[in-house]
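Structure first, commentary second.
To keep things simple, chains are lettered A, B, C and D as they appear, and every chain counts its residues starting from 1.
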């Protein structure tokens, strides 16, 4: 009992410390590194709270993918600074303002945090209304993991919309391209200096990673895991292969690529509509079919998510295709 | 039962000791290459000890294989990263 | 009778014509059509005066013609038509085309405001006429016109917002069952908890429209900046939107608002004299006419004020007649100015203008004499009556001054006008002389009987249709009335008095717009400074730390308030 | 008959939500020159769907509800369409369709090009944004609303910097960051509410909240967080830092959508919170504060619009002022007409503002200058566009018989009814300021051109027709509202 309390306290202190480092570190690289570490520790905290699904997502997306994107941004910034030394540099620092204002802002932030903390402590016991309902309704879906039940059956609309958000976020990233580069490939992820070690890793790790990703998706029906976690792992393997120079980033005008990106949402939507035709309403599953349909949806979603996340890391199209 | 527990405690403790040494090295060594050395060497060994120490505590054979896979993958990853950081240091990228 | 389509057609005609302006091929034809467009309204008004009730409702907006509305509508339609006839003659083709685009909505609003039968349609027409007058005033492409139009806009908008608020207040005690008709409004007003605010705002808003001192400053600037032919319709017809508003919305018959009535009467008299005093110091003929308008509208307002004070429904009748007469005469005067500014002064025109100008002062045998006669019994023989007589003296003075300034007007390059312009002026002058005589028994009958000491019969004032036999009968009675000689003298002496003063006085000129010019420089600077300060404040508000602070601050504020 | 109508309504509600989503996904997948046609086709189908839905709901006087997947509220998500919803839905549909049609010729690929960047982004993200807005309108679930608001933001931000200029990137980033801050606050609030009752359905929550005689601190904080977060997204003063550069810098069709539709979404959710989640809390200090901020926005937005030298920033600041009017609904909620006034103002402003921005876009493209002082001769060159601009401006000013007028009338009526007279002052003063900036443009535009060589412009007829349609819709909305009678029933 006391040991776990100590462990929790330790986690808490590390979390707060990392958060403070993230907020106050001047070199952007340090801030990002601290942020990634924060994500990992946060995942541990989620495990301690028995929310393994959340922990997996936090580690994969909150720390891994986001951290990777941020590192990319830091590297880009460094390249820009080297290329155009005279241009004003982007710095992570508080803009010069009146010290009084800083004090007031700090006080209000502290106030909001304090009220939030107090309120969370005064919250009643975990509400039973929905937890109980989910437990009762879960057998109808044929699933064992209540989280997957909520995500793909009870609140399928949220998941559908979230999967769609990813697609449009990618369009948003692509939209930052130069007009001349449109339709072309993103900048290669391959490192400037060839590294044999990375090539070896790129050849050895992906089979394991893909296996793990598929397992996460498959296990999601009955145990922690699911399309988002599995997809992220697959994406990571793809990105690894890309940066080792073992694969080429596809061009954004590639139809197959676009189809891969949107197939998850499209299929989700199609099965939702099929439920309509099958007399159980939009996003409903006919009795007895739900587990099979959910697995099909999750499978395609995993694929789409993996491709989308990979392309998100690759970034906006950079070179036009030869005409 | 007592014997296996004792075995686990001692090996995991030894592993933790390696982690500590590695961390001290990371903090105290003068240049980047030495720090990298401390980190990879000590951590790989430490993790290995922890895994070996935990083996009797888990199901045979699946659990044990998972633990060993974790160790192998970690070794693979940290080796690669160590290699790459080393190469970067040789190219003159400043690490502080 | 299936003539009901006439009223909607009459009111919609100008708007339909406006639609043709969208076609660039038809657009140059518009100025030549202006004289035609008010004619359906004229027909409708004449039919309504003959006792044929015309009304229609469209999507919650109801229009109907009763006698006061029809009288003013008839006069306004005449003016709009004849002034429209003169437009292509006094302006060049592109200029006239551009003017037509604002002429048409102003016309539509000006006609509709007399036909409005409920609060909402009244405000609709009132706002249209007010807003589109802006385009007529700012029509000329020089800095004075822009300046005048800008000033007009600020005044007109403030006035309209006051009227809007007043209308909302007037409508507040009404339910869906009673509707928003004027009768319901005036009936519900005395018991309404918001009556003082409503009447106060109404007077403020309509006071701006009719130029009650100190809200008058826009008028001289606007009338002298607008093309005179446009000033003719604005000063003549459009400004009567304010008068009809007072007539419709003040609860005169209820007599529960005597304080407001006294205020309106006093303000109106002050305005009447103020307009005269400043007017005689003007050099531009248009400014002289503007101050004359201020004075005349002030007198009308004071008439209604006295009516409100003493709960005298006859004051409405007198006011309608007075307004209709002023509408036609002011139209003639501006139109004459418009023609003279193009072709130079001519003695025949000056003679006609003198005659009609003195009609405003109440020259016997002109319609103005009748109008003045109608005022007498309502204003009484006391102080107010005396002051009104003095105002008439002043009007004489002002009109003679106007004729002098008009005679001195030299066009930049005298050109020969198309005959249709002279035709328009002639017809309008005739109308100004004759039409009021025809209209007398309708509205002014009762007040005149009162003035001449004849017994007042109990027939309702508004609902007697016009017919020739009744008209002849009415005049026979009047001419044989015993009080005629005394009444004649009462109206005549101020006229002579004013004429004498006009001979004796010589005053230095003043710029038009008096107070406004003084306030403006200071006010503009202050407003600019305030604007700058607000812009600076906003710049700070849009800084990240401040916006973020505001966001979190609001969170805390709301949370604390709710925990309360 | 009613049963059939309810059944049809249910299917239409779902279709209204997923049609644009499907269109966006297909436009993205197929891309190329086809994307534009997919989006336009989607718009037309959606128009038919929404008009039918509106007709059913209004004609049959029913409220359509749909449980997604057949799961009941504490478990599942519920869609709901009543009269107010379909009115806003219809308005958004008209704005979206008109904007798409008027922009159909923009961003065309060159003959040797497969597709353009801006074309794909526009024709993909606009239907997606539409789907998100419809979800905001229809959904009854606090978390689902959050997801929809997020999609709305993610679709709107790339559209802001569609033309790829450096300053619009900065504006888009500003918008993204502040909108995300707002989202975070909203999500925190929704989380707290879930922590209290274990459900996110507005109907069930309203039931729970009505049982309370005192708000628990968690609920108070949750509402504070959600309200402030949503206010950040509606750009109410002083949280408007992102709006002027974003709305002024975006391409005109995007500005039209942002000002007409996107900022309204967060406001609709605010209405949900304060009128559906906790009805009867109208008289609290929060409502007064919201009203004060609204009044502040009216004055600040109006004054700054007057001080702009360019057309689009002027219209953008006008949006800030007009959003201020919407916030007056909260302190005046005690009166029957306030709710209707807010709804009507929302719709008529959406139509008018879309017309203004589209007109400004045509002016920039075909007149070549959007400095207000340089617009002389515009009335001669582009009469129809200027007419639409004028009509839309009159609606903003609240001149009768436009929708803006009726909304203002009802607001004033509400101010009288509730006895809070003070609110009439910003309403009236705001009208004065609005008239100031509308007439400022008209005054210059109607002057004869400085250089008489200006030829009549070649504004495409479809664009002009759409702008006029929007402006006239705002006018017709007013006439229709007048037809329902004053005071409103």
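Quick note on the criterion: a contact is a pair of C-beta atoms (placed from the backbone, for glycine too) under 8 Å apart; a residue touches a chain by one contact, two chains touch by 3 or more.
As the structure is a prediction and not an experimental result, all values here were calculated from the model.
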Pair with more cross-chain C-beta pairs in contact, given A-D and A-B: A-D
By mean Cα position, the chain sitting nearest the middle: D
Where chain B and chain C are represented by their mean Cα positions, the distance between them in whole Å: 96
Separation of chain B from chain D, taking each centre as the mean of its C-alpha atoms, in whole Å: 57
Cα-centroid distance, chain A relative to chain D, in whole angstrom: 31
Chain A and chain B, separation of their C-alpha mean positions in angstrom: 28
Residues of chain D engaged with two or more neighbouring chains: 217, 221
In chain A, residues with contacts to at least two other chains: 115
Chain C, residues touching no fewer than two other chains: 543-544, 546, 548, 552, 555-556, 559
Chains touching one another, given as label pairs in label order: A-B, A-C, A-D, C-D
Contact set on chain A toward chain D in their complex: 115-116, 118-120, 122-124, 126-131, 133-134, 137, 153-158, 161-162, 164-165, 167-169, 171-172, 174-179, 182-183, 253, 255, 258-259, 261-262, 265-266, 269, 272-273, 275-276, 280-285, 323
Chain D to chain C touching residues, read off their complex: 178, 181-182, 185, 215, 217, 219-221, 223-225, 227-229, 231-232, 237-241, 244, 284-286, 289, 299-300, 303-304, 306-307, 379, 383-384, 387, 394, 398-401, 408-409, 412-413, 416-417, 424, 428, 431-432, 435-436, 439, 443, 446-448, 456, 479-480, 482-487, 489
Contact footprint of chain A on chain C as seen in their complex: 543-546, 548-549, 552-553, 555-556, 559
Residue numbers on chain D that touch chain A, as the complex places them: 11, 14, 18, 21-22, 24-26, 28-31, 66-71, 74-77, 112, 114-118, 120-121, 124-125, 128, 132, 135, 139, 141, 143-144, 147-148, 150-151, 154-155, 157-158, 161-162, 164, 169, 188, 192, 194-199, 216-218, 221
Residues of chain A that touch chain B when the two form their complex: 193, 195, 197-198, 200-201, 204-205, 208
